[in-house]
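Okay, structure first, notes after.
Letters A, B, C, D, E, F, G and H name the chains as they come in the text, with residue numbers starting at 1 for each one.
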Amino acid sequence: MYQDVIIAGFGGQGVMLIGNLLAYAGMEAGSEVTYIPVYGPEMRGGTANCTVVISSEDIGSPIIQSPKSLIIMNQPSLDKFQPKLVDGGIQILNSSLVDAAKAEDRVTTYTVPANEIADKLGNTRMANMVALGAYVQATGCVPLEQVKDSLKSVISERYSHLIPKNAEAIQAGADHVAEQMK
Amino acid sequence: MARVEFREERCKGCMLCSTVCPKQIICQSSRFNKQGYKVAEVKEEDMENCTGCTSCALICPDLVIKVYREEKKEK
Amino acid sequence: MSEKKRIFIKGNEAISRGALAAGCTCYFGYPITPQNDIPEFLSTEMAAVNNGEFVQAESEVAAANMLLGAAAGGARAMTTSSSPGVSLMQEAISYMAGSELPGVIVNVNRGGPGLGDIGSSQGDYFQSTRGGGHGDYRTLVLAPGTCQEGYDMMIEAFDLAFKYRNPVLVLADAIVGQMKEPVTPWEPKAADNHGAEDWCIDGAKGREKRLLKSLFLEDGALAGQNRNLQSKYEAMQAEARADVFECDDAELVVVAFGSIGRIVKSTVRRLRSEGKKVGLVRPLTLYPFPSEVLRDLAKQGKRFLTIEQNCGQMVDDVRLSVRGIADSEFHGHMPGDLPGSDDFLAPIIKHLED
Amino acid sequence: MSEKLVFDAPEIMIDRPTHYCPGCHHGVAHRLVGEVLTEMGLVDDTLCVGSIGCSVFIYNYLDVDAVEAPHGRAPAVATGLKRAHKDKFVFTYQGDGDLASIGLAEIVHAANRGEKISVVFVNNTVYGMTGGQMAPTTLVGQKATTCPDGRCAEEHGQAIRMSEIIGGLGGTAYCERVSLDSVKNIRRAKKALRKAFEMQVNGTGFGFVEMLSACPTNWKMDPIAANTRIKEEMIPYFPLGVFKDVTKDGEE
Amino acid sequence: MSEKLVFDAPEIMIDRPTHYCPGCHHGVAHRLVGEVLTEMGLVDDTLCVGSIGCSVFIYNYLDVDAVEAPHGRAPAVATGLKRAHKDKFVFTYQGDGDLASIGLAEIVHAANRGEKISVVFVNNTVYGMTGGQMAPTTLVGQKATTCPDGRCAEEHGQAIRMSEIIGGLGGTAYCERVSLDSVKNIRRAKKALRKAFEMQVNGTGFGFVEMLSACPTNWKMDPIAANTRIKEEMIPYFPLGVFKDVTKDGEE
Amino acid sequence: MSEKKRIFIKGNEAISRGALAAGCTCYFGYPITPQNDIPEFLSTEMAAVNNGEFVQAESEVAAANMLLGAAAGGARAMTTSSSPGVSLMQEAISYMAGSELPGVIVNVNRGGPGLGDIGSSQGDYFQSTRGGGHGDYRTLVLAPGTCQEGYDMMIEAFDLAFKYRNPVLVLADAIVGQMKEPVTPWEPKAADNHGAEDWCIDGAKGREKRLLKSLFLEDGALAGQNRNLQSKYEAMQAEARADVFECDDAELVVVAFGSIGRIVKSTVRRLRSEGKKVGLVRPLTLYPFPSEVLRDLAKQGKRFLTIEQNCGQMVDDVRLSVRGIADSEFHGHMPGDLPGSDDFLAPIIKHLED
Amino acid sequence: MARVEFREERCKGCMLCSTVCPKQIICQSSRFNKQGYKVAEVKEEDMENCTGCTSCALICPDLVIKVYREEKKEK
Amino acid sequence: MYQDVIIAGFGGQGVMLIGNLLAYAGMEAGSEVTYIPVYGPEMRGGTANCTVVISSEDIGSPIIQSPKSLIIMNQPSLDKFQPKLVDGGIQILNSSLVDAAKAEDRVTTYTVPANEIADKLGNTRMANMVALGAYVQATGCVPLEQVKDSLKSVISERYSHLIPKNAEAIQAGADHVAEQMK
């Protein structure tokens, strides 16, 4: 098994958090994983992205130029990363902020109105979790339950009361994609 | 009579300007600019209260605010 | 910490935890990206875990000299920085080498020269392996390519520092420092300070006073000290290590270290899956350099390609290692550009087919 | 109706949004420097020595010749530059990590030698660019990433007061501490800059202006609360005022 | 006749002639340090951090553990050493080139952090070991090999006063300037050392003793004239006295 | 100064006068033996002769950064120091290289590592030629072996610094610095700053503002700057020079630089007088290294012996130069020991007869 | 009654001791020591004037001088 | 023509000055010359020495381990340098301070009571000049007149009034040796 993904969005959208969560879940599921953020002053006020690799073997490169999959949380990220996605790759688009019409045919696209779904669940800030749920459903790279289970490990003590809500959001994202996959 | 002009694209929504306005007419709009910040504004109807004191412009860290005053006809 | 559970941490944190496991009790450092996670982590954990000391120094110059002081006291001490900061430490490192003081210096290499950028680079290879400071001295240099190696090599670094009474440099880079991976922490056997109590200064009660210095003015004294150091460096050669991957039947052996080494590993795997006879030697110690490994491969008739994220530094050591038998080509990936395994396909294929 | 523009960005300010965080006072400090240089007619004669910190990009905002100094060494770079161009106006712009920590020897000796340069010192009690580590100016009790429980006098010492030190040196011609937290203080800050800059233009000597400034991001405060903190916590410890003015020797 | 030896070298002093020039005050300063360490019973617990200057060979004369610090960095080395051995007595011995020039940041920050170390600062207003170049402490008018016409305030700035700076820092527990030119002053110097050393032993904090000293060789004076110069030229500019004593806070 | 009269001066003074003749107008430095004659001489002469500036800096760190500042202003500026002091300059030198600023740094090499001694040594070869600071950069390195060369090379150094907008290191040593010889001063043609007025900062009157920096954060910018620097270093190769002595029929070519080179010349003369076929290559530029000269000799079947007053540094460059054709033996004379021509008789004879 | 003893081999002839002796009994001899310095001395006949005040010893930079005092029979 | 010499004595005896003078005279006489002092802290209070080489060709090594000649101003210098003098080498001993009986047979020795001669001329401090005069006479490596002529170039302005006296001292040393050479 080998999967890699670039997760990209605005600074405040929590892309780093779901990257961490995905990788953590991968580890707990017994895989090798790597996570690498883009960091530093360029980030300030701008976009953020990270790369996660999950594999049953030793991972060589943690940096991926032609990713097999994407989670795209905003429009600039689509513009930047879709061209790099391999032919036949999978992408999750947050259709609340991304123009789904721009999705290319050469790749498989799942759209999720992540902000709206999250909003309905009570907090737009969980849009990242919705997107992650969608992604996990679409790729099956880790068991969905493992992702939910790992929430407690990546969310700090102080916010632990939000874990059930986040799990719900993950599930909602997954459900949304399951619909599309049918 | 005076008025202020916001170069919105530069605004970062820090709202320091609002704290120094003697007339308290500056507030945060619900508009986001391209940088992703909710910009400051003076509502149309409040503008007439502007004294042109330049306080907001002096404290604004981002050179957002231009201040205009009506010329006194002196000299 | 002793059960074999994996934790998911940044390379910088792995380095920090490795240092704690190694029994480090003194940390001195000055903020600089991309290694700030290390002082931030240790600012509380050094006291909490090892009942040790954490000092944010006023500069890298000061940090390196605090390291020198703690080392003189026989303590397991370290400093961490990134490229410009490490340049500022060169005088103190030369003093430590000259005074034979153990200490660990971590360089999370960033792009240079000058202020450069905060991305990954291997541009400090020369500085690390040739002694960027003045005089004839060498530091041992370890080059982690994974977070686990970041952890493990810190333990090794402290041991080597005391074994040889010499500064040890851990040359990581922004990729190793900033990425997260599963790491299995482990506790080494009780720290062996290789008799530090017999040379360190801790008060001359009931013994002759001791003196730790690098000034040798009497006739022939400095020459003597240099000869002494050289024979120590000779002895260090035994520590040379490399990760040798798929070399047995390889026609072309790629030599790459640190994070570039692991990234090239992906490229090699991919080429192997296409039936291409490529291997990889990833030096784990940069000084001493694993010359023997390379000479042996050279004797088997392999060709060599050195890949670095710089403009050509380690390639000198590869060429010197195999001279008289073989030579090495070079491919440099520029600092300032984040490398991925795709970047190395073309150069490797080109040299394979040459 | 004839309207007059009574406040606008000085022309020396390049028209592009800054990279600074919302409410960061570097923006104010930049503008004040720009205004004073403009008013004094120095724009075309100014050489800016930038330092390493959030303000490293000052050269993106001020339309003057500039050079980037290694971290903490701006006063030394400025010394070299001024010696090479005695007829030009040379100033450094430095943060508190830069000036009061790694660059302490350089600032003190440039002042002590009486170099004919001007120094704009933005004191926000924290390392901004590198993510909020403790600075030598961090107040006792203030939290920072390398003292997450707050600075402790016993362990880390107290915040260093630079204007007091610089004001005590023989070569200093002008030294004042100002603050950027209020309109009144900003006005005063501008006057101080002007005073310090004039000392260079007249050949009197070294000028130093310390500006108490906010870093909302690393203080983990909103910009308004950050402003309040300057008044309530910083000014009491870092008193505002003139620490040296050779043109008024003995008067204060 | 029963005779008592009322003055002899303390045992801690190694019995060999020093390499110092005739009339050099390093010898006096060494002896005072040796006497105080002996009287306080610290000999076996002392770690000496030597610095680079004529006194680099202090370890040849004092029978205690010692390490050689790079030029100017003794306070940083001492910080590391003290952190490694909190129960030992750590002191640095530094010249004015070492401490006030290249090592300025290190001494100020060690003091500001309140490191529990003691600093013996021998101020002879010149670089001794390297042959008499101007130091930051060189007095205006004084000739040195890099200012053969005498230090000029306009060009080189004025002599820096270290005790005034160190005394003003939060972490300093004790700071005094003394002189080695007369019997009375030497007695006072010894008391000051004792005071500073006690502050370390008690855990109170950083102690600093500046000793005005003669370098007849580089002043190009005979030893007696050099002594007179301390009194007539140095003390007026470098006033003797206590600049900080936390045990007497507010009293002076 | 323009008539051809010889004056009898120390190497340090020759270096100082050479700098003045080169039109140097800014000196920054900090005292350190064995180069103090330079600042002492220039403290009055810089103003008297060139109406220039002399600043005694608070440290070598400050001196190097003053140099950077003056260089940014387009001035002909220099600093001088000796080994420990030069170590402290590494960060600034890396910044100068990264910002492409010209400047001359003289290192009167003394014994190391650490405080070492104040005698002669060539222990800073690596630091000088590999960039002891961080990142991929090079400084041009000139190595005088006589007082006259001390004078001449200063003139050359300033010219090269401006020609390439790059720091230039003059690597002398305690012997060259402290000895006296007859020197014939000469005045070069008016200094050519190679268009410094087009890049230096001197006030943006009537032109776009200028920016001198080494920070390159935008995507690909640092990579671009590194490529730019590398092609500059490529171009510099044309400057490589060596003094080739009695090599034509030599069986063994000794390679030695600086004062050791001239001392070995005595040994070679003596051996020649005994009919032994020995020659000498004395590199005058250490970076760029005169590899071509050596390769050509290697192709003629010569054998090589590198002699240095250190533990083996330049020998790497000799070996790299002739690799694939020949190799070089090494004889190291330890720093801390004053070398004379007798010292080299035995090693040369041994390798000649090997 | 008191006396001083000079460890001549350490003396560098700086004569600081002579400047602080209240009895002015210390002077420079014409003897060179191995270090090549003309050492300080108190002439035999002057020694009886020594008060044992230790001033000379305190100011001597080279630990040359030992001072002896006759025990007072007190205690 | 090739000659080299080590000149050694106490710190204050002026060995550096005559080394300089000899080399300067050599240069003025048209030869190649080098002069190198031993310097640094070791000097303080101890002995001093310098090496001068005079040659009609380019000079390689300025440092000489087995000198062809010596000027020995005090006893420790004899002990240190005589063993290094080549067989058949020439040495000048300042017999005022050096025990001439220690001179070895394998070399040619000229003794000069330099201090006494200088004393007679009015100032012991000119012993160095006496010794130099002796040396120049003994070796002929530079014309004696050239040495005297060069005095003005190595003696600083301030002491220029002493030049005639120094010239006399040089001559006296030369005369003394001329006697011995007969």
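Assume contacts are C-beta pairs under 8 Å (C-beta built on N, C-alpha and C of every residue); 3 or more make two chains touch, one makes a residue touch a chain.
The shown structure was predicted, so the numbers you read here are calculated from the model rather than taken from an experiment.
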>> From the centre of chain E, which other chain's Cα mean sits the farthest off?
In response: A
> Taking each chain's centre as the mean of its CA atoms, which one is farthest from the centre of chain B?
Replying inline: H
> Hey, how far is the Cα centre of chain C from the one of chain F, in Å?
Replying inline: 29
>> Counting only Cα atoms for the centres, state how far chain D is from chain G in Å.
In response: 59
> Hey, how far is the Cα centre of chain E from the one of chain F, in Å?
Replying inline: 38
> Among the residues of chain F, which are close enough to touch at least two other chains?
Replying inline: 33, 58-59, 61, 84, 91, 95, 99, 114-115, 118-119, 213-215, 217
> Hey, what residues on chain E touch two or more of the other chains?
Replying inline: 21, 56, 68, 70, 101-102, 104-105, 109, 113, 129, 136, 156
> On chain B, where are the residues touching two or more other chains?
Replying inline: 35
>> List the residues on chain C that touch chain D in their complex, please.
In response: 30-33, 36, 39-40, 43-44, 54, 56, 58-60, 84, 114-115
>> Touching residues of chain F toward chain H in the complex: what are they?
In response: 6, 8, 33-34, 118-119, 175, 178-182, 259, 262-269, 338-343
>> Which residues of chain E touch chain F once you look at their complex with the stated criterion?
In response: 52, 56, 68, 70-72, 97, 101-102, 104, 127, 129-131, 133-134, 136, 145-149, 156
> Across the complex, what residues on chain F touch chain C?
Replying inline: 61, 83-84, 86-88, 90-91, 94-99, 109, 111-119, 121, 123-124, 126-127, 130-137, 213-217, 220-227, 229-230, 310-313, 316, 319-320, 323-324, 327, 334-337
> Can you list the residues on chain D that touch chain E in the complex?
Replying inline: 101-105, 108-109, 112-114, 136, 153-154, 156-161, 164-165, 168-171
